[in-house]
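A, B, C and D label the chains in the order they appear, each numbered from 1.
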Amino acid sequence: MLGPRVWASVRQRLSRGLSRNVRGKKMDIAGIYPPVTTPFTANAEVDYGKLEENLHKLGTFPFRGFVVQGSTGEFPFLTSSERLEVVSRVRQVMPKDKLLVAGSGCESTQATVEMTVSMAQVGADAVMVVTPFYYRGRMNSAALIHHYTKVADLSPIPVVLYSIPANTGLEIPVDAVVTLSQHPNIVGMKDSGGDVTRIALIVHKTRHQDFQVLAGSVGFLLASYALGAVGGVCALANVLGAQVCQLERLCLTGQWEAAQKLQLRLLEPNAAVTRRFGIPGLKKAMDWLGYYGGPCRAPLQGLSPADEEALRVDFSSNGWL
Amino acid sequence: MLGPRVWASVRQRLSRGLSRNVRGKKMDIAGIYPPVTTPFTANAEVDYGKLEENLHKLGTFPFRGFVVQGSTGEFPFLTSSERLEVVSRVRQVMPKDKLLVAGSGCESTQATVEMTVSMAQVGADAVMVVTPFYYRGRMNSAALIHHYTKVADLSPIPVVLYSIPANTGLEIPVDAVVTLSQHPNIVGMKDSGGDVTRIALIVHKTRHQDFQVLAGSVGFLLASYALGAVGGVCALANVLGAQVCQLERLCLTGQWEAAQKLQLRLLEPNAAVTRRFGIPGLKKAMDWLGYYGGPCRAPLQGLSPADEEALRVDFSSNGWL
Amino acid sequence: MLGPRVWASVRQRLSRGLSRNVRGKKMDIAGIYPPVTTPFTANAEVDYGKLEENLHKLGTFPFRGFVVQGSTGEFPFLTSSERLEVVSRVRQVMPKDKLLVAGSGCESTQATVEMTVSMAQVGADAVMVVTPFYYRGRMNSAALIHHYTKVADLSPIPVVLYSIPANTGLEIPVDAVVTLSQHPNIVGMKDSGGDVTRIALIVHKTRHQDFQVLAGSVGFLLASYALGAVGGVCALANVLGAQVCQLERLCLTGQWEAAQKLQLRLLEPNAAVTRRFGIPGLKKAMDWLGYYGGPCRAPLQGLSPADEEALRVDFSSNGWL
Amino acid sequence: MLGPRVWASVRQRLSRGLSRNVRGKKMDIAGIYPPVTTPFTANAEVDYGKLEENLHKLGTFPFRGFVVQGSTGEFPFLTSSERLEVVSRVRQVMPKDKLLVAGSGCESTQATVEMTVSMAQVGADAVMVVTPFYYRGRMNSAALIHHYTKVADLSPIPVVLYSIPANTGLEIPVDAVVTLSQHPNIVGMKDSGGDVTRIALIVHKTRHQDFQVLAGSVGFLLASYALGAVGGVCALANVLGAQVCQLERLCLTGQWEAAQKLQLRLLEPNAAVTRRFGIPGLKKAMDWLGYYGGPCRAPLQGLSPADEEALRVDFSSNGWL
């Protein structure tokens, strides 16, 4: 299914990847990542200009990199070519020293492999692969291990596991994570479930592996750091990038009291732009805070005036607006 | 997004549809439908030859039609062109007097509209549109009403709502169904949730509309008929087509005692090929019962020997093997 | 723990029970039962006078009997002596030819046995035993089989299993029901879960046993009859007793079309007095329809004016008010 | 319902309580508490001798106090008089400088008030009141606020809210907690849900109140400390008391790296004695580690040999056996 041109590119990237890991270490993914939103015009076309503007502004923060085509990027609403074009544009405008982690998960193993290879071709440094989930009743450890092993075997770039039960109704079982952590091309995991006891258990049971865990939300970022996670993919970083990076710094330098104070003030705005109001809430907050948010693609609807007001309170009552 | 050639075809089909409904009645979808499986070769390619053979055999039963690209058809694992090609092939080989209902649901409204129009072009008589679900936290009544209204407005062929919470984690709220039942191009609903009280409530609250409800599984088919549903989309009909049609006949002719006896004997094999062992279980049973089942696409795995044995018992203990 | 006087009474009742079953058949529990509410005064004392008045009115319908101290009876809010006194009073005023089924479930096996024996002493004909549930994470088939077997071994009167997941978060697994159905002193089951496929499966897998299934709500009563259940314990029968009995009659005489019409008109009022507004809703409707409803014990709160209005619409829009 | 003797005692205790809070501060509940198990003989009688022996051993650790009749104490299996007698005995043998927090929750508000007063009489310093839950569909914020306000109004000793969704299927909504935190006799909350983002939000939104949060399990103890909780009620402290107290000390003195190391080693044994194997697992581990565990009351069953082995591995693989 993959033509010769693709595989040539893959080999090239593979060798680049290998040269980066001369000591046999896996890629280090520690740090903070905003999961970039996809801006749309009023006609629901991808607005690449606004995407670039947002990236320029986000590029000024000390992020480790950007997650492109994560759940926050409305990836299920984009065509395959849009998914690749967005990643390609981000690659062009983002700072060279940062990582581009692209979401490449699809339902079938084969499509995921193909999307993964394509993401590598258009410039992704790593892929983040959401669990297949439509047939979640059959997605047991054996099926998930088979899926991720195949993807990681064939991916020219490192693979990050991605578990987000609020969207998928499915968690990667801990035993499956432990098995997969031993794969040379699986470097870590983003866990968005919010169960920090589970995150800690994964840290504990993969402690002899070269495997890193990222929190999937700023809501439990401090707790995740305290338990051994190395960073986070945080929707809120799209609007409060400085603050999320400051929280990282406070945790990494052991200033836990100050970290706690800041963490608490981020809880409500974070819940507002994730669980409570979703991407429409995040985009509205972006509009307020100097970025381009704009509309979502249907069927996601904009906020009602009442919801918008509640969103504003979640920011203002914590001093962010 | 839709080119002029597409719309010409759409208009043509629309006028065909209109001529079919001279009395202003919506399409009648009452009856039994097997949700056709997609056969794959050992190399995971779609095996169109086996698809045609299965259809020839299924064509001998008094089904009302065929559902193609439902959940049982592994539609999330197919490319867009494979989805269309499968529907096109089924159209060619299936009996002319039966309905072809094609699954055209995608995550975005726009993609669903485009897939719907394409399905009409390749010969579908109606589409069955699964709820968008990745952002299920935001898929409230307003969002779903907006989505389905747009799709139905732009679809050249009738639309059937499709609610399957086991896969999507989401149900279309009853109030949304009631609103949507008034749309001239929304003819009915397939409900796979198994809550017959809900099915009855939908029947009751849409009783003044021209709107039909289909049970999404043979497990609650008798109960659904008893409460006013008009048919079913039944995975088990892929292997026990005669029996499912017989159950329909017994219900429609008021032979409820005989219907009960038959219904009870279908429960375990039905659970085995749906909830318990999924599509891998159904395809294995097809292999036993004269059809081509074959492998699923990854990440769906085949049955273990123990599961296969349990599947066999579920059929044999009820006299079907 | 049980004194000699108790056991004497138990033995006496056991022999009465045995004489009733000369042909070796278990007690026949087929029919409709209202789960009687417990009336309280404004001071939250049990109002035995109002209880008797309600019973006199309910006694005019062709019920098979009464369930006393079911979930609708607010049993968790009563002391042990109140539970027994209520049953004793009902025994005195209810028609002699009807069955008194008393809820005797407690969390521990020992307490359940003692309450069961006491219920027999004060006049219950059978007990309905809800699953223990506080430690539901450990209430697997083995634990539930152990519990019910012990209770049934020591109960002087027949035992009915009682599964109500909306309150307990727990279902008795089908395999446990099948095992328990073979116990000579376990006569049947009340299933309030509403999953009629499960009810049908239980009917099917206990078909060689002397075991009867009752629907736990009128919401799925017709469907349950159609699948082999023999009756129902229906909260709505406290206010629409004639209609629920009529639905039973229509089902038993094979008048399924008329049954369907009636069933559909009962859905909304039934949902209103169970899932939607709970016991406060039921008691409010009793106040409207000629019974004494009155307040619930705290922490159950009365309805808001808006809820009360919605409750009224659920009855009036179906022609019952 | 409460006789004059009771109220005399209540008044006396109230004045004792007041004298303890001369500065108008609520009781300080910060620290670690084992939720004490209830030992039973082979005949399922409470074994008060073994209870005292266990308490003597537990008394050597720097706990803040003991929780008696929590979920770990099998309180739903005890009679009211057993519940009080157990608390009374613990009061007699436990060190005078520690707090005795007694579980006094019942389903009805009235019963909870009476049990609370009785617990105060037999020597409890505070009560921990689990949410009523059988009618959880109606236990919204209004009902819970009404319930806890009434209990706190009438309790002679401070009240701790107790939310344990794994057992009750119910959480106290954050807005209800915030309202209740303002009550002068409600001093804090034990949250066993494990959602530390929720715990942090409660800390944040009650920051202007005199209100303390305790983690309900050692699984998220470090994270809870890091986010502003002040202690924990930890089942594991019944067997690894020194280690849980050491984890507290490391957190309180800011030794977060050492704390993390210890926290991670406690995860698996903790999960084993709570979620995975429940009280039977905890009691088995007590038997191994120098305490009296013994049997549970039915319907709780002992561990199978395979489960026992898995329990052992969860301890030994982390160096605790």
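Note that a contact is a pair of C-beta atoms (placed from the backbone, for glycine too) under 8 Å apart; a residue touches a chain by one contact, two chains touch by 3 or more.
From a predicted model like this one, the values you see are computed outputs, not experimental measurements.
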Same-residue or different-residue interface between subunit A and subunit B, half as cut-off | same
Which chain is most remote from subunit C in terms of Cα centres?
-> A
Distance between the CA centroids of subunit A and subunit C (whole Å) is 51
Centroid spacing, where centroids are CA-atom means, of subunit A and subunit B in whole angstrom | 35
From the C-alpha centre of subunit A to that of subunit D, how far is it in Å?
-> 38
Can you list the residues of subunit D that touch 2 or more other chains?
-> none
In contact (per the touch rule at the top): chain pairs = A-B, A-D, B-C, C-D
Sort out for me which residues of subunit C touch subunit B in the complex.
-> 194-197, 200-201, 203-204, 207, 217, 219-220, 222-223, 226-228, 254, 256, 259-260, 263-265, 267-268, 271
Counting only contacts in the complex, subunit A reaches subunit B at residues 44, 71, 76-77, 79, 107-111, 132, 134-139, 142-144, 146-147, 150, 166-169, 275, 278-280, 297-301
